[in-house]
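Presented below are the structures under discussion, each in the form of structure tokens.
Look at the two complexes coming up: subunit A is in both, with subunit B in one and subunit C in the other.
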Partner chain A sequence: MKQGFRQSMAWLHTWTGLLVGWVLLLIFMGGTSAYYKQEISRWMRPELPIAPTDASTALASAERFLHHNAPDATSWNLTLPDARAQVVEMYWMNAPAPEGAPERPAYGSATVDPRSGQAVAARETTGGEFLYRLHFDLHYIPALWARYIVGFCAMFMLVAIITGIITHKKIFKDFFTFRPGKGQRSWLDFHNVSAVLALPYHAMITYTGIITLVFMYLPWGIGARYPDNEQRYYDEASNRIADTRPAAGVPAQMLPLTQLLAKAQTQWPGVAIDSVAVFNPGDANAGVMFSARADSISNVVPSLLFDGVDGKLLSRSEPPGAATRTFGTLYGLHMAHFADPALRLLFFVCGLLGCLMVASGAVLWATKERPKHLKAGRIGFGLRLVDSLNIGAVAGLPIAFAAYFWGNRLLPVGVSGRAELEASVFFWAWGAALVAAFVWPKRAMWAWQLYAGAALFAGIPLVNALTTGIHLGVTIPAGLWSLAGVDLVCLGLGVSLAVAARRVQRWRPPLTASQKRAQPGKGRAVATTVAEPAPRGEHA
Partner chain B sequence: MSRIAADVPWFKRPWLGVLSRSCAAIFGGYAMASASSLLLARLLATPSQAVLTGMMIGILVCACAALWAFATATAWRAWAGILIPTIVMFALSALLARAAA
Partner chain C sequence: MTIWLAIALGFSGFTALWRTMAHPAHLPPGLAGLSVAARRWLHWTGWVLLAASFVLCAMLRGPAIGSVLWLGTLTLSAAILVLGLLPYRPRAILPLAWGAPLVTLLGWLLLA
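Now for the complex of A and B:
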């Protein structure tokens, strides 16, 4: 490391980026799709009614469901429907099973139709939640470990972004520079354009992503200041008022939640209620807490706590402290719940640029490495490994994502364990792409896999039209843009992948100077056919 | 780096330097982040705000430590520049804990 500062930063950028690039690509793709988590979930439950419901009806339905299905839970938590989600999501904490009784799970959850008060009468699916969870829980690995792995990769990403900026001498000039058809130079330009264009976004999303799980990564301060009550830290740090009264152990008739909702709405005129938590339901010490829907970037929202039996206002949240507001803003920026449709679309596009940045960085490494191997006469193990992983991730992951949507439409509706089957469709498809990439990591494999991803994505509106009644022919005339949008974005991704595949297929290695001299008449014509961005390095 | 002759003693080989710096960046960086988050958690008055501030700053400290590990001239300096502040911060937070008790 005797070179200058910038060279050492370039070295660090290359290696931090490459080592975790493929996991980062999965995280970026999952996270980008999660901007439309609600819309994807809605699309994946085509049986649901379309019209929205008011908060009061939804709350009454939810309460009915919980009284019936979780009467002896220690707490209920539910999120009311909004413009983007037309269902009530809820979970409850179970009391420990009495002595001698069989064990029961620590918590239960349900998705309830706000009209009927029944569990949604739709196909069993995890919907957009699967893609959202995938981007930090990685599905098959225990969630705790997955989050450590994701945090580790994200830390590498943060270092790669900072070193990338330092490495970049002409950050402003390169903003406008793209030289297609020049092999490695084009890849570097493309990497720069995709990175610099959305640079504030990339830095923000990486740092805030780590921040969302930071209490797992740096828990030491909690132990120091809250040695025997960790829960109190979480309540104070998120400015949540908690009902600290223990259960009285005496059953009592609670006021209907809708009546308390009305009280909350007189306290907060014009404020939308987002979530309701009930502590000790059915107990003399029952408490009911209402939290407002975020009306700014921060996800730290005010809340009100009522006595569940006599309806008295017990407490209301104080204005949050500076660190809590900062944290809430960073968290809120990552989740983007505040974003209106146009801003959400911008975030989605920036997320896609992030995917392209990670992908082009990994491909650039291989392109830079290849001439050495060609000179030596054989492709070494390291380059072959990177080639395989590049194909399996960059071209293979779109196949997996599209296959997940196909699985949602084609798996039989009544089959048991259906939600998990949908997830396995994702991983089987990705596994197949990875195996194929390792068996034959050549240019043709790039084209095949990109075409496969293109066909699968472009086919989603079609398979939707053949299997459900919420296809483009219905949703566009009715102006149901959140449903039509899923079909249209899939179609757009399919077309983009097809364009990429075609370019890979038609790419020819540029002629060397001596070859050009050998065919003077054709030299010009060949040069123009080559003047396309080379989607990957020289690989015959 | 490839021009370095093969007769340098093993402990001066470049790959060892890279490995050492990587360890300094990953483990040292994490230790430094932990130390700074702990110190800030004890230093500031309101407990919840202090802990949160420590966490949010700690992540940035970790990133800066990683940069330092590869930017500085030698692997020894990389370790020293990370370990000394880490130890100082841990010691300070231990002192603060004792003063508070």
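Now for the complex of A and C:
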């Protein structure tokens, strides 16, 4: 090795980070917003009732709906409402169509009002689910490819984190060092501090993110050990009890699910039930499985399986083994379903710091590179490309996210394919920002796009108030913090973007030594205006 | 309230550690450098405060979720200090480092 170890690591850090930085920013922003997936979904369906329902009523409503709409499905799966979600989410697997009959989809899904037992009478939207899927399925491309791309980026991120720690010479000494208003120095400080302060989070979220899809990335072991029955591996790995009884083919009257729920609750006093699965509904061999809500970090939860017809307890899950608990804990840490509102907010803050770390790293590269190009008299292709992508991602993505919320409120409610239209609003807005950034990758474009993002985000509470009845004037007095929180966070992001935009706009390049000598009287005044602006990444 | 107390203790702990590490030339105006003895004392105080915030988080949510909560509160309190107050409002640091734990402790005791 010609260079020293640390220089090699610095090289690796720079290029692994830069190459995937813009996709990583999309992934980080999507993931950060997905901490509030349920709240965003709720906000995006303003027509829904607000009052919570108890598990038993919700289950009875869901059962009514499924009996009516999916009587011949091979299985039903439903998630009961909780403090965060006031609806019953459900899906069912359809039996293959009989010979000669038209094809039917493999599965169906519905969102049901827990009190009326009807499909929710709300606008058609994917809500927070879109942002959650964007985080690892991207959009417009097959999910499998997307997950490989995301995994590739996550591996690069992991390399960037490790090489970054090695490269950072004074990780403890510079723990408290952030000096704004000093150009490249400030960008480096900010990149370091945003990385180090939330380092446990960054390392955890990147590593566990890869772990969530590890069976897809490394499938060969499963193929070797479970060649004929991959599903059995997943059931064993996640400690799921599966109802392996085949359908008897004889119709039978099932016990009401609420009666089985009561049995489950006597088995598990004080445990909240999260989801219910019904195998072979309406068949003599019907089975009903209840899964508990996670009360620890791990998302591997205990479950109970009952006979759906005579109500006998068929089996209960064994305590999970060490490997399953390890996997469940890593997976659970990534999903953060165990987090109460305060901890969820801390996860969100750490996610924002992650966005700022990625953004400031990309901007730092351009800041470091610029003096060479200025000396040569023209901005070269590489820097121009990075500048364009930086503007289009760091300032453009907030525009896209805010536009998605606007789309939810402004697209006509009855229009067909509405959910996909909302997604196209996201990508049209982002596309426009990217095109503008490529056409004119200058400082003014930074300011315009940051202002546009600021106006869109700050305008969300306003457009919400003008189009719905769940605006801040209603939600704050009623103490509906999960709804008010969406408005308030958007407002806060808008204000931060506006501050960043103003700082970019007011920034003046520092005078060179010869310029300072040329105007001796003004030297002091100029120095103070130069010291004022902070790096824009701080708020981006 | 326990979480607020944990954040406040984290903030004071980090402030103490910062005081032991900051170069006298980089201190905000109005703050003097420290003697060797004061430095050593503050060093221990800082770590004890951070440890106390861990104990609070573990009491609140158990050791497993408590450690996650603790790391989150540390990130937040360090971010308030390093990205917010140190560069932009240095004069507010010491009053906050003394006041925040006292106020939140009072609230915590009143609620408990």
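One rule holds for everything that comes next: the second predicted complex is superposed on the first by the 530 of 540 C-alpha atoms of A that agree within 3 Å, B and C clash if a C-alpha of one lies under 4 Å from a C-alpha of the other, contacts with A are read in each partner's own complex, and residues count from 1 in each chain.
Basically, a contact is a pair of C-beta atoms (placed from the backbone, for glycine too) under 8 Å apart; a residue touches a chain by one contact, two chains touch by 3 or more.
These figures come from a predicted structure and were not determined experimentally.
Colleague: Looking at the combined model built on subunit A, do subunit B and subunit C fit side by side or clash?
Modeller: In the superposition, subunit B and subunit C stay clear of each other.
Colleague: Where does A:Cys350 make contact in the superposed view: on subunit B (first), on subunit C (second), on both, or on neither?
Modeller: After superposing on A, A:Cys350 lies in contact with subunit C but is clear of subunit B.
Colleague: Quick one: classify A:Trp268 as touching subunit B (first), subunit C (second), both or neither.
Modeller: Neither partner.
Colleague: State whether A:Leu158 touches subunit B only (first), subunit C only (second), both chains, or neither.
Modeller: first
Colleague: After the superposition on A, what does A:Tyr91 contact: first (subunit B), second (subunit C), both or neither?
Modeller: The answer is neither, since A:Tyr91 touches no partner chain.
Colleague: Have a look at where A:Ala342 lands relative to subunit B and subunit C in the superposition and call it first, second, both or neither.
Modeller: In the superposed model, A:Ala342 contacts subunit C only, not subunit B.
Colleague: Of the two partner chains, subunit B (first) and subunit C (second), which one does A:Phe427 touch, if any: first, second, both, or neither?
Modeller: Neither: A:Phe427 stays clear of subunit B and subunit C.
Colleague: Kindly classify A:Pro200 by the partners it touches after superposition: subunit B alone (first), subunit C alone (second), both, or neither?
Modeller: second
Colleague: In the overlay of the two complexes, what angle sits at the CA centre of subunit A between those of subunit B and subunit C, given in steps of 10 degrees?
Modeller: An angle of 90 degrees, rounded.
Colleague: Minimum C-alpha distance between subunit B and subunit C after superposition, to be given in whole Å.
Modeller: Scanning every C-alpha pair, the shortest subunit B to subunit C distance is 20 Å.
Colleague: After overlaying the two complexes on chain A, where does the subunit B footprint on subunit A coincide with the subunit C footprint?
Modeller: None.
Colleague: Would you mind writing out the residues of subunit B in touch with subunit A in their complex?
Modeller: Contact set of subunit B toward subunit A: 17-18, 21, 25, 33-34, 37-38, 40-42, 46-56, 58-60, 62-63, 66-67, 70-71, 73-75, 93, 97.
Colleague: Report the residues of subunit A in contact with subunit B in the complex, numbered from low to high.
Modeller: Its residues touching subunit B are 1-2, 5, 8-9, 11-12, 155, 158-159, 162-163, 166, 207, 210-211, 214-215, 217-218, 220-222, 224-226, 233, 236-237, 321-324, 326-327, 330.
Colleague: What residues of subunit C sit close enough to touch subunit A in their complex?
Modeller: 3, 14, 17-18, 21-22, 61-62, 64-65, 68-69, 71-73, 75-76, 78-79, 81-83, 86-88
Colleague: Mind listing the subunit A positions that touch subunit C in their complex?
Modeller: Listed in rising order, the residues are 173, 175-180, 190, 193-194, 197-198, 200-201, 296-297, 333, 338-340, 342-343, 346-347, 349-350, 353, 534, 538.
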